[in-house]
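Here come two complexes built around chain A, the first alongside chain B, the second alongside chain C.
Take a look at the complex of A and B:
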């Protein structure tokens, strides 16, 4: 599937599509923050290992070790979440491990090929912060649209506004609206430049 | 590059990774123990506010039933977490040998209409309880309540049968 039509950059849209498994499950602020933190830690661990492991191990071994490292970090995050709020853990633990298999984390596990790729580590880290923030914001927005309020306490969501946004379909509607808005903004910016 | 160096590095990394995985396993076991204590305390204090003494927690994760609290000399208590589209209803329920609810206490804030209605329906299903008045929400909650009651009954029957076998 080609997203890039020559006018809108494919990278950000592909990344949002790659994050879809997390965005689908992020239907409240607390769940979004938990999944965002889990994603960021797994992403950072994978990226750091792929960058720091010796290149002589070979790309498959670096990928395997980085992915294992990300899974271990996801497990530690789940343990911390369990200590913090057992009820939130019960709702989120399966999804925390899903973060390891999202496209940005799998991409971070690949060993950087060139020196310029290695020098973009900080940029990759900032993208990770952005993805984590997006996951948390998606949770807050979906909670607001579904219940009419945003609660920091998991399980304390009350009220009904547009309940479909609490369902997985709500995430896809939101992604489609965000992608459309992004495309319109990019077109408007490029139009004003020409 | 020497092939033996690569093999040695791979083995060192694999050993380090195995140690980290083992440490993560210990962390998980510790978190599980702490969470069990927290959940057992929440459930037993909800049913008997002045409850003292050690309560054993068993994680079940069967439908809406999260786990069971066993306390010597008292009926078994189950922690119910029933999820509905806009939130979740948490309650501690003590049951008798056939799984019928003896007492049910919601945990925490149960401010919305669904939570209040679920509390009424579960309490109304208990032994000797007055039948709850009908509500327009009942149709959407009926399946959830029925499933949870059936799960509670099956789990409690299983537990008492296992105890009898011992």
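Take a look at the complex of A and C:
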């Protein structure tokens, strides 16, 4: 997946673009936390299975088992969410399910090819934590921009500041601004190194 | 709502590209040949039908809605195995299941299936709705790529070139679609 013009490393930006289905729906702190946890659990399960399953199974079989494992974890997460907050489950179950098929999780399902790829498991796990944190933070920021306050209770949002940020368009604008800021920072860092 | 109204709704107000954040990447994002377009629409229609019927008659009666992603994975693997067997019988090569080029399509198909499967109950509407949602996605990606091509001629600040500009363009499309939805479609019962 190539999402930029090649002047900035595509990895982190591409993964954030792959997370867009979750970021677009994450318009409150509670939704963001729920989606972030669901994503992280599915991502970790997929990555762990792709890493630990024997290579003799072959890449297609490892991919299929890893994806099934991620789907099982997403199902369990959805069940736990249903017990915790049925209203939140009703609002978020589609996106919790979709988290299994986001690009970072599907990539994590692919068996690592080289030894160095396998040795980067901890790094991948940290990226997963970062993506989950990003999803939760996006929810909190959008909720604050849309309502002027941040609430930990789902459905308790009141007030109106910039309602556009509760809509998908608001998420796209935030992602665009974050991506532009990321490019500026990368460019500044590279400039200071040379 | 008539079938024509359904197609218009899923192309504009209910478009899966903006509602589900399925922004295509790269210059090939909106490129579809005629055969791949037909195959994509058919796959979306069948995915919506299979997921919708299974959700309604298999999972919901037993309170097992949480198993939906496992069900879709099984459907995905089954469809892929059938397609691979068909292509092998015809002597054509097939892409492996873990080919990264298939990931965005898988994501879109599941989003369409989730979006349509939870909204309609009749077989006909599931089929038409799935195909219409996929058509709406293809149309929206085509619009987005046309906007991106046009913007290449403009003097855009350097930090906004590439991905940021793509998302800003998608944001404007989402605003326009939301306006159509609020002004027209939200007054209809779907």
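For the reader, a short list of remarks on this structure follows.
Definition applied: the second predicted complex is superposed on the first by the 187 of 194 C-alpha atoms of A that agree within 3 Å, B and C clash if a C-alpha of one lies under 4 Å from a C-alpha of the other, contacts with A are read in each partner's own complex, and residues count from 1 in each chain.
Here is the rule we go by: contacts are C-beta pairs under 8 Å (C-beta built on N, C-alpha and C of every residue); 3 or more make two chains touch, one makes a residue touch a chain.
Owing to the predicted nature of the structure, the values given are computational and were not obtained by experimental measurement.
When both complexes are overlaid on chain A, the residue A:136 reaches neither chain B nor chain C.
Of the two partner chains, neither chain B nor chain C is touched by A:88.
In the superposition on chain A, contact of A:176 is made with chain C only, not with chain B. When the two complexes are overlaid on their common chain A, residue A:29 makes contact with neither chain B nor chain C. When chain A is checked against chain B and against chain C, the one touching more of its residues turns out to be C.
Contact with chain C, but none with chain B, is seen for A:106 once the two complexes are overlaid on the shared chain.
After overlaying the two complexes on the shared chain, residue contacts for A:75 are found with chain B and with chain C alike. Within chain A, the residues touched by chain B in the first complex and by chain C in the second are 68, 72, 75-76, 78-79, 82, 167.
Looking at the complex, you find that chain C touches chain A at residues 18-23, 25-26, 65-70, 72-73, 77, 96-98, 100, 103-104, 106-107, 110-111, 114-115, 118, 158-168, 170-172, 174-175, 178. Residues 1-5, 7-8, 13-14, 17, 20-25, 59-60, 63-64, 67-68, 71-72, 74-76, 78-79, 82, 93-94, 97-98, 100-103, 106-107, 109-111, 164, 167-173, 175-177, 179-181, 183-184, 187 of chain A are the ones touching chain C in the complex. Per the touch definition, chain A reaches chain B in the complex via residues 53-54, 56-58, 61, 65, 68-69, 72, 75-76, 78-80, 82-83, 86-87, 89-91, 146-147, 155-160, 163, 166-167. Residues 1, 5-6, 9-10, 13, 17, 20-21, 24, 27-28, 30-32, 34-35, 38-39, 61, 66, 81, 83, 85-88, 90, 108-109, 111-112, 115 of chain B are the ones that touch chain A when the two sit in their complex.
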